[in-house]
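Structures follow.
Across the two complexes that follow, chain A remains constant while its partner is chain B and subsequently chain C.
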Partner chain A sequence: MKTEKEKRVMVPAEAPVEETSETPKKRKISGADVWQFAKSQKNSLIRYGAFVLVLIVFAITTGGKLFSTYNLKTIVSQVTPLLIMSAGLIFVFAHGGMDISVGAVVGLCSLLSVYVLNDTGSVFLVLLTCIAVAVACYVINGGSSILFKIMSTISSLAIMFAARGIVTYNVSRTDETIRFTNSSLVKMFSDNYGFMVASCVIIVLICKVLFDYTKLGKQAKAIGDNPLGAAQSGANVNLIKMLCYIVAGVCVGIASVFAIARVGSVSENMGSGREMDVLIALILGGMSLSGGTKSKLSAAVIGSITYVLLSNGLSISGVPTNYISLVKGILFLVIVLLTLRQSKNIRELPR
Partner chain B sequence: MEKTLFIQTVGLTKKFGDVVAVDNVDMDVFKGEIRGLIGENGSGKSTISSMISGIHSITSGKILLDGKEFRPSGALDARNHKISMIVQEMGTIDNLTVAENIFLGEEGKFGKAGFVNRVKMNAEAAKALAAIGLQRIKPDDNINAYSFEDRKLVEIARAVYYDPELFIVDETTTALSQDGRELIHSLMREMRDAGKAVLFISHDLPELMETCDALTVLRDGKLIATIERKDFDEDKIKQTMVGRVIEGNYYRSDYDYSCSDEVRLEVKDVEAGMLKGVNITVHAGEIVGIGGLSGGGMHDVGKVMFGMLKLKKGEVTAYAPARYTFKERMQKSLSALTKKPFDAEKPIVPYNIRSIKNALRANIGYISKDRDKETLILQASIKDNLTLSALDELSVCGIITPRAEKKFAKEQVDGLRIKCSSMRQPVKELSGGNKQKVSFGKWIGKDSKILVFDSPTRGVDVGVKTTMYQLLYRLKQEGYAIVIISEELPELIGMSDRMLIVKDGEIKKEFTRSPQLKESDIIGYMI
Partner chain C sequence: MKKRIIGIMLIVALVVSLAVTVAACNNTQKTKIGVMLYNFTDIQGTEIKSYCEYLEDNFDVEFVYEAVGSNDEAHISGLQNLLSQGCNAVISGYDTALSRSIAMCEEAGAYYAVLLGEVSKYEYLEENGYQPTLVEGMDSKYFLGGVTQFGGNPETVGVAYAQAAYNAGLKKIGAISFPEFTFKDGKTIYDTFKAELAKLDPTAEVYELQTFMYTQELCEAEVTKLLTNHPDVEAVLGLGSGLDYIYPALQNNNRSDVKLLALGYNNTVESLLSGSLLTAGTNNYTQCVASVFVRIWDAMNGKSFADQGEDDINGVAGYPIITSQAELEDFKTYIIPADKSNGSITAEELKNAMVTYNENATWAGLNELTGRTLEEIKEARAA
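Moving on, here comes the complex of A and B:
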């Protein structure tokens, strides 16, 4: 074993590796080169381009109101739950899964956290409940999709209806609003902006490590591209998928505490639409929804911020709420089309 | 026989971005000849035929068909001009019936008021299949029910059905067994005799020399020479191909078949897939070759060794160093952090192989015949592909640093001389040979001492093949236990210490390495 290091290099490099694509240093940058570069960096361009564009456009249209202290606080409190959710769900999307249950799961977690807080008064227990419930939902979601080999969209659809059903039933059972009796207990999650930012940073850092520097993230991304190849390279496909769902569950659980703390009461629509928010945020972040090795955690981070800036900016600029959905829809379509064009370019590669 | 010009290319050029794949090629193909195209991977043979058959657009230059300029707008246009091509990759579509695959895009023929007359279509498909002697394939079966080889044959039936004037066969035969090859050879000869032209692309030089009337050698997208049949000479052709001298024998030159008596891999009385009671023992420092016809179960041997097939009977055992205990793994992480060497000699213990997971625990490396689909992740970068199977080895306290990854990948890229612009280049952009080098690197880097390679040189050009053979030989000398499954007999004869011929799921014959061993001695046990 002593010579392990030397043995790993099997053929000595007798001849240097030939540089196949060495370009002369002094070369005029033509339009075509720029276009080529843009094409190869499309996802990053979308990610940062959309962010900068949204920032500039709304800075102008809102006359700087976008950056008022009050609005920045709003933005932080809107970004926090979305960012945490996206950071978790990117694990699901990266391995080729799809989740549309997140809104309903947030609803269910919110409902239970109101009950738990009102009964016990312990924020810690609320957090624990949310995480446990969300993880349970995602374990069932992932588990059923893996065990019965159904599309993850369908299994998450089932979870969505079940969770939403529980929320609706509980809300309709009573005439009173289901709300925190003592909402000051969760103040940390609703009013402490420093805490919000810190939570985001810590969660993103943990996710970043998991996503890029551990076996879990690396194998999950490989599974997204080629499950068969990943399996033959040593990935336990089902286990990795399951772990991804658990990571997603933990994040969604934490995010729902922020979500409910901000609202304070549970309606039957609590959390609905979150699934689309996450999807658009990730797409805005330049994430390919089919997953794979090109997935980047920064898609979740930048995408969520861009998305919140967008909705926030639109409403401050005075665009009616109905149109906001329309604008989001069009944007979604445009970016999806931009990302889809990729497949056309592959055609003219040597066979 | 008088030759009439059929297809002529004038200054034909194809660029993919900055890369010139075909450079100013003037080639004449005559009626009534089988023209072979040969050259290393990336020399432009596939690209030329793709341009003629309308799959690729033409950058500059032109193609003359019977003296008239011909610029196909697509594969369908080419087909209407009686040009049919059979591609290297899978050209049939899953989940359709055989008949639907044959008449893809032509369903209108059997249309009646917007509905397809299936009875008529199936009958016509049966005719097409019978025309090339494939009665055993049923037109109304789902295509998925057939093996890769049969699906290839269906494609051939489809191509022949349209009665092409020019029939292009692009490296199809590598995927076929002897029967399939012979079928396609006889078809090509029939066409030639009917005054049609055939373009035949293959890596298999003896096959080309046997079937072709003339050979066009390409190198780096340029036409180097066209050699008539009477001037065929294997060594000379090889020389022209690579533009440098390759020794006639690029296999290992020794005939020493001794190896350690330490058993590394043992297949005992195994019944699985097509296999019926197979016994194989592989020792350290031994290359065991598995040969046979591709439908005879030889590929199942590799799958069994990697735990991919459920065993009905018997067992597969690998002998590899015991795994680190939790404590030792912690120590290893610790020593990696403090940059101290870590050595823990582990005893060799048996591992029962029943799943891929077991196989990986025992550190078995496996390259599938279908490496693009199963061994590699094409969209991912070279670095990601190389490190994917070695993540456990690379991780320190569960964390894999980019530095460790880069170092690991660089060792393999340099060591195997993988040609690439950077380690971040997606593997799908590499040529076949370099792709295969990446698959080799995956396991060698991980320090797998038991290697099972299914068709390791499939779709790989002569130059890279030589490197692979040298590499395999080195690995043998270093005590690796190697199993090569191959459809190419010369390769097995040239490389293995022991050769096992699998037929109908059983081992029919065992040969030991010897200079006297000839293909003709073996072929009898295969068929």
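Moving on, here comes the complex of A and C:
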């Protein structure tokens, strides 16, 4: 017997209108039906509409340069690390967690990538190192949050400072730039655009399966809605949370290889600002950062592409540099207001 | 239904975009040069932009600007955005992600140069027994080098600042800079300052160099540490942007009695020179831009200097120092004038330094032009 509270949680805010046995099979679609549909799919329409709008507006304002071969490659190389990170971190956000250490973790992974590649020349080892280090960071992050019951923001803040500190210390030890001595070894991650697209597709597909079709994803979303309810329904909350952090770690580790291959060297600021990029991308994609059943992996995909298109398009359009942040901010605010504003009749428990 | 609507929206987007792409095929072909800086709002950014606009009036060139964040990925994204706009050359303020930037420009067939700092062609790594090893990309024909600051001689700044401290009768001086790995010249200036002051006044004491990492909070912590350890300090040698960071930190510590010998320049210099500011100084922005622009223009016209050696990859830019109101007036008149034809380097002087317009132009001549002191510029304008 479900409690009233649980019942309320289980009601999707935008439940599609179910067809009943009385519904005629081939009924003519009226204007009211379209309006009803548009209302029920409002968030999706705004999310995809914003993406399409950005695409059209910048195609016009850039005089077509948006779709030049070079710029398409640019977009792919900018989207790849962001998309992979967002796809992984959506698991953390879906269960109600928060992570602001991703930039520093990318910095740390990048630093170690350079050392490992320069010492061994093995790209495989670089990949393994990045994944291992990122997973370790996220296990500590998630573990401390779960074991000591501290806010995930605080634990990730600690990881952020520690990782950034290690990077800064190592960079400051030498006058020489820490860079790949033979960057052609990682060319696959920086110049092979087919490989980048394929990697994104494979990782997104794997995440999609994990997120929508396995216990891990379903329970993570349930925890995001109501941890107590999820626990009472049989979910091992701590284990699920930890697994989410591990998935995020794997994705951030892989994304780090793309990030460092794209740059080729490490400075003390490597990766800084990535945490904001991921948050903005997910919000642009329509993700509620409080998590829950409304979390969709498509938010990572659409959000990452929209975010990169925004930055890239504004720059190529010739918007004065002094105004780019302002324009970005206004667009971001509009999209957020349209997609994340709570409807008056929302029936959701406060978290 | 939902998928169908999304599908229709995407198709519409694609059709409109393709139509625009086709329509946009007949663009005018002006040389396009991208400029990347952290910002274009401070005095450095606005002056660089202003000189670029002057160049636009005198050459068949268009400049586009990209403000980039301080991290490597933002730098690469900014560079990609500029190359996407069809830039024939890119001027970066900094040597961030240098090898990768050169490789990307090489791939796009665009030239690349560093505006606000010198670059090293070789590195000395432990694994190579500290033997000189060519840095990846440095031998690319698309890389046109950097610009050595402080007129190629940071020691002169140390000497000039020591003289100013001696003239003011200062005996106890602290020194704060950015970390050595980010600002090598800071340490050189400090060492020279200390040595020179010891010669001028053996009783003067210069405290050990403190460093901080680019934030106001960290600067304040260092200033507080200095004031706590040496409460009788009379002045600070502010190498880490004295005016932007150290002066506000001194004010926040209620120590307006402490004098400041600052590297850097901003709009407060005029009022502060009559108070606690003893010296200010900055790169000659015009000379920095001129040095790389000459190289880019010549390279695009297939010209090069006969006397430029393979290892001569850094041009020179001067560093005017301001110690009085009179010098400040000269600085405003000749270094940062609104009308750049009265400034450090005119378009005619620039053309005369280019092989494209003058077959006898030399690398040494270019460095002489871009390394002129404030006095020399004043004389040139008076002629």
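The definition used in the following text is that the second predicted complex is superposed on the first by the 281 of 351 C-alpha atoms of A that agree within 3 Å, B and C clash if a C-alpha of one lies under 4 Å from a C-alpha of the other, contacts with A are read in each partner's own complex, and residues count from 1 in each chain.
Definition applied: a contact is a pair of C-beta atoms (placed from the backbone, for glycine too) under 8 Å apart; a residue touches a chain by one contact, two chains touch by 3 or more.
Just so it is clear, the structure is predicted and the values come from calculations on it, not from any experiment.
Engineer: So, does A:Asn118 touch the first partner chain B, the second partner chain C, both, or neither?
Structural biologist: Second partner only.
Engineer: Scan A:Gly234 for contacts with chain B and chain C and give back first, second, both or neither.
Structural biologist: first
Engineer: Taking the superposition on A as described, I'd like to know which of chain B and chain C A:Thr174 touches: first, second, both or neither.
Structural biologist: Touch status of A:Thr174: second partner only.
Engineer: Tell me which touches more residues of chain A here: chain C or chain B.
Structural biologist: C
Engineer: Would you sort A:Ser30 into first (chain B), second (chain C), both or neither based on which partner it touches?
Structural biologist: It touches nothing on chain B or chain C.
Engineer: Could you say whether A:Asp225 touches chain B, chain C, both of them, or neither, answering first, second, both or neither?
Structural biologist: first
Engineer: By the touch definition above, which chain A residues appear in both interfaces, chain B in one complex and chain C in the other?
Structural biologist: none
Engineer: Where on chain B does chain A make contact in their complex?
Structural biologist: Spelled out, the residues of chain B in touch with chain A are 16-19, 21, 42, 46-47, 50, 55-57, 87-89, 306, 343-345, 356-357, 360, 366, 368, 373-381, 384, 387-389, 391-392, 395, 398-402, 411-421, 428-429, 442, 444-445, 447, 467, 470-471, 474-475, 478.
Engineer: Would you tell me which residues of chain A are touching chain B in their complex?
Structural biologist: Chain A reaches chain B through residues 1-2, 4, 7-13, 15, 17-21, 36, 209, 213-215, 218-219, 221-222, 225-226, 228-236, 292-294, 348-351.
Engineer: Contact residues on chain A for chain C in the complex?
Structural biologist: These residues of chain A touch chain C: 37, 41, 44-45, 48-49, 52, 55-56, 59-60, 63-68, 70-71, 74, 77-78, 81, 118, 168, 171-177, 179-183, 190-191, 259, 262-274, 311-312, 315-316, 318, 320-322, 324.
Engineer: If we count contacts the way the header does, which residues on chain C are in touch with chain A in the complex?
Structural biologist: Checking each residue of chain C against chain A gives 1-2, 5-6, 9-10, 12-13, 16-18, 20-25, 27, 39-41, 64-67, 69-78, 80-86, 95-100, 103, 107-108, 123-125, 127, 133, 135-136, 179-182, 184, 213.
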